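Remarks on the structure that follows.
Labels run A, B, C and D following the written order; every chain starts at residue 1.
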């Protein structure tokens, strides 16, 4: 993990309130694993004292860029969305522990993403596809206006989009699609709101899988104990999402 | 006094750390008297909660613009200096009570300005010259790099520049120049640092004059009692600089 | 959307009013907007005699806040009535008079004059001004003294309700609130400023002539919210909340914490039309978060807790 | 420029150290800069047994500040010594251990272990943590209790100096400072956080699972400066100042107020390399304002006053 000044090289609204932003700096891509995040200083001292964690959605080794996709939900993401091409941001990256793809033996993977949980799955899918692993994805969004990256996921393999209100693709939740498709795969990889992750891990309790979770962060590097999640091993212990995670084995931690 | 959204139409560095900025909005010039100020919202809520008072240095009735000149001395003026042509600012104007030029009978006026006290004297001098009053000015600056508006004042009448270190014009203080020139005039008008105003009012104690003074402000409109100055009438009373001033008769208030 | 708010002695069009000391007597702001829009007006502190206040500088800016040490400058209660209250009375807005003093008898006298001669709608008992040498804050940090002055002022105020303004510079805000409630306070206003200081690096001396000043603005909002939340659970008189309000969202946060109405102070300096703007935005904000009136939102930040403890 | 600072038991290269709880045990920050640059390190609070802390969310952002309610999560003093202190000892930087507890005897035990087994350079007695149900803040808001725990910990610490960390949630900070000085404190660290709360409009409940949290960051700097300024005039033990420091200019403001050294907390989250950056900027800032060393600046914000009162 390094502190870097990066240049914004692309800003594009790709869905409702959803911004795709590309950050460039020499050496920026070194050591990035899918599932890791960038910890972004979005403002001046007084306006935003705490950084904002945003997942790495894509990496371009040739251009030395990292792409993030974020939804404007509050003042921090609103301010981040104000940055223009050519402006500079100060970031920490890569942060956290990503998906351990090099140590998993598999031939077919299911990606299950919800809303702003979709972005980290894209870089994951790309890396898996590179390794010759078959990638199927189920992406859930609130409504048709929120859908993004469908065609990009389609390039990696079958991609099924589902919306809460049925205005695009399937109607319902990602778990409904899991039911309908009755897929076969070795591992699943999921990222999304806590409610979705609970539904997914319950439904796929018999399956091996990895999930990526969120929590409000202080330091983002493992020093302050703000972002803990209880472990599922009966010890009353905690894991730090910013350092031990955000990716965990599906049954490693308690979701609530 | 009105609250206005104005557009920045000119930003120019005219001396060391000294910025001339022109603000435009329909109706902006209505009712402005020389010596009044603009109370400027320089930033967002949290970065600068208090507005910054800056004197009106010039007014263009045709273009509906107001010009201000300010020195970057701290974070507020630094932020103000970041505004670019085309950007908008929210201001209160015109604030305070200016020089009562319509009610003074005179044929010759002496303007004595020091540093960032020079700007309000320019619009004053222009109005006086318009009325056919002879205008002589003495402008004091720290050093040659701080000098501005000399030629503009020269167009109004004789202008004598003095620098503390003698790197431009006379060497010394404005009061030294007053001594050397032994001028005749009906009224003097002075604006500058408190020390200079004390020296000027002491030296010219036998003369009629007006001074313009500064104090840290809260509201800038007369409601909070932050910006008071003791009156010289033996009552222990106070005047509000933001409303009763910033212009006062030379012996009306106690300088300290 | 119904913004009406009923408090002892105060029938408010809406729950938003300017805070004491940040609005003078309304005269200057009336140049910028129609004061009739306000829920009420809390006027600047009145003392028995004229007070000249502290030396300048009296204000300084801090991160998301400001310090002030005005020192209760005011022309004295009689001149306030003659010169200011008659003017304010031309508006259809309840007036709350902030009463300050150095001794219990000064508080009593000022209250008597204001309630008999001026017929103000409510008294705000300022036992929390940190910027005067005598009186004020001692009353506000000692429950016995606070209780004593409240009791006597209540006796003196006739049927005009008395709101006691609490100081946040205490370890036990609930204890203070209970003390003044037991002494007869009809309501609480909270919070006043926290004592702070800024030192000038150039001058090597405190920026304010009074050295210390009262910290206000968004910086102190979390402290205000916490204190109101705690006090709401332990007293039954209504609360007028304040401390760092800048937006209608902030107003709702205070309502959720347990305030029945709110006052806006420092924000008036940043934006002199903040009060009417907040009032205008409030219906939309209430509606956005699922409330159908102001009263509907009061104390709703405690709901979850009740649910949990019932479970 | 001489940045050396000498405090009881602590011979510091420079007066800047990370504050307790904001730097863990230094491990993560050592990836970003060489810890040898620091004046000292104050480690996260240690309790006798492992503590799991509060539920999440544990932090929230406020205007120029943040709230935290970590709740003293730590692996217990023995594991801190085994897993963390041996690693920290590889740096040439004094280590100050923050000691927390629910009872006087827990404070004593933890102190004994830390001073005998681990040979820390100083103890910071945390009697001011607002985020645990038992212990902590009660000690910090009651001068008798504070004095008692200080006295006993001082007995237990041998020749390792004890700095007592003061809570700002009190009406009389000078009284607290005098109480612990009289009980034998070798120094003071101040201030800890102010108790605050944020309420979520969406969820209608406090954002933090613990409901209240400690407010830190630039928002509280004026309160810290005021408290240090006041305490400096009434005690003779040295002060390690903290509360909202972001820059070398802020450090100088604390020195002028009377701090002999400073700690940086929240700013580490905004910028994890803030400590070395501030240390690097400090000589220039001291020089700019006419000081020739750190010691030269300590307490100089009081000078004018001395001059005035002498006149």
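As a working rule, contacts are C-beta pairs under 8 Å (C-beta built on N, C-alpha and C of every residue); 3 or more make two chains touch, one makes a residue touch a chain.
If you're wondering where the values come from, they're calculated on a predicted model, not measured in any experiment.
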Using direct touches as single steps, what is the fewest number of steps from subunit B over to subunit C?
1
Farthest from subunit D by Cα centre, which chain is it? Let me know.
B
Using Cα averages as centroids, what's the distance between subunit C and subunit D in whole Å?
33
Centre to centre, by mean C-alpha position, how many angstrom separate subunit A and subunit D?
36
Rounded Å distance between subunit A and subunit B, as computed from the means of their C-alpha atoms:
56
Can you check how far apart subunit B and subunit D are, centre to centre, with Cα atoms defining each centre and the answer in Å?
46
Subunit C, residues touching no fewer than two other chains:
63-65, 217-218
For subunit A, residues that touch 2 or more chains besides their own
45-46
Residue ranges of subunit B touching subunit C (in the complex, touch as defined)
1-3, 41, 45-46, 48-51, 76, 90, 92, 215-229, 236-238, 243
Mind listing the subunit D positions that touch subunit A in their complex?
21-24, 27-29, 31-32, 44, 52-53, 56-61, 63-66, 68, 70, 73, 217-218, 246, 266, 268-273
Which residues of subunit C touch subunit D in their complex?
62-65, 67, 141, 169-172, 194-199, 201-206, 211-212, 215, 217-223, 225-226, 229, 244, 249, 252-253, 256-257, 289, 300-301, 303-305
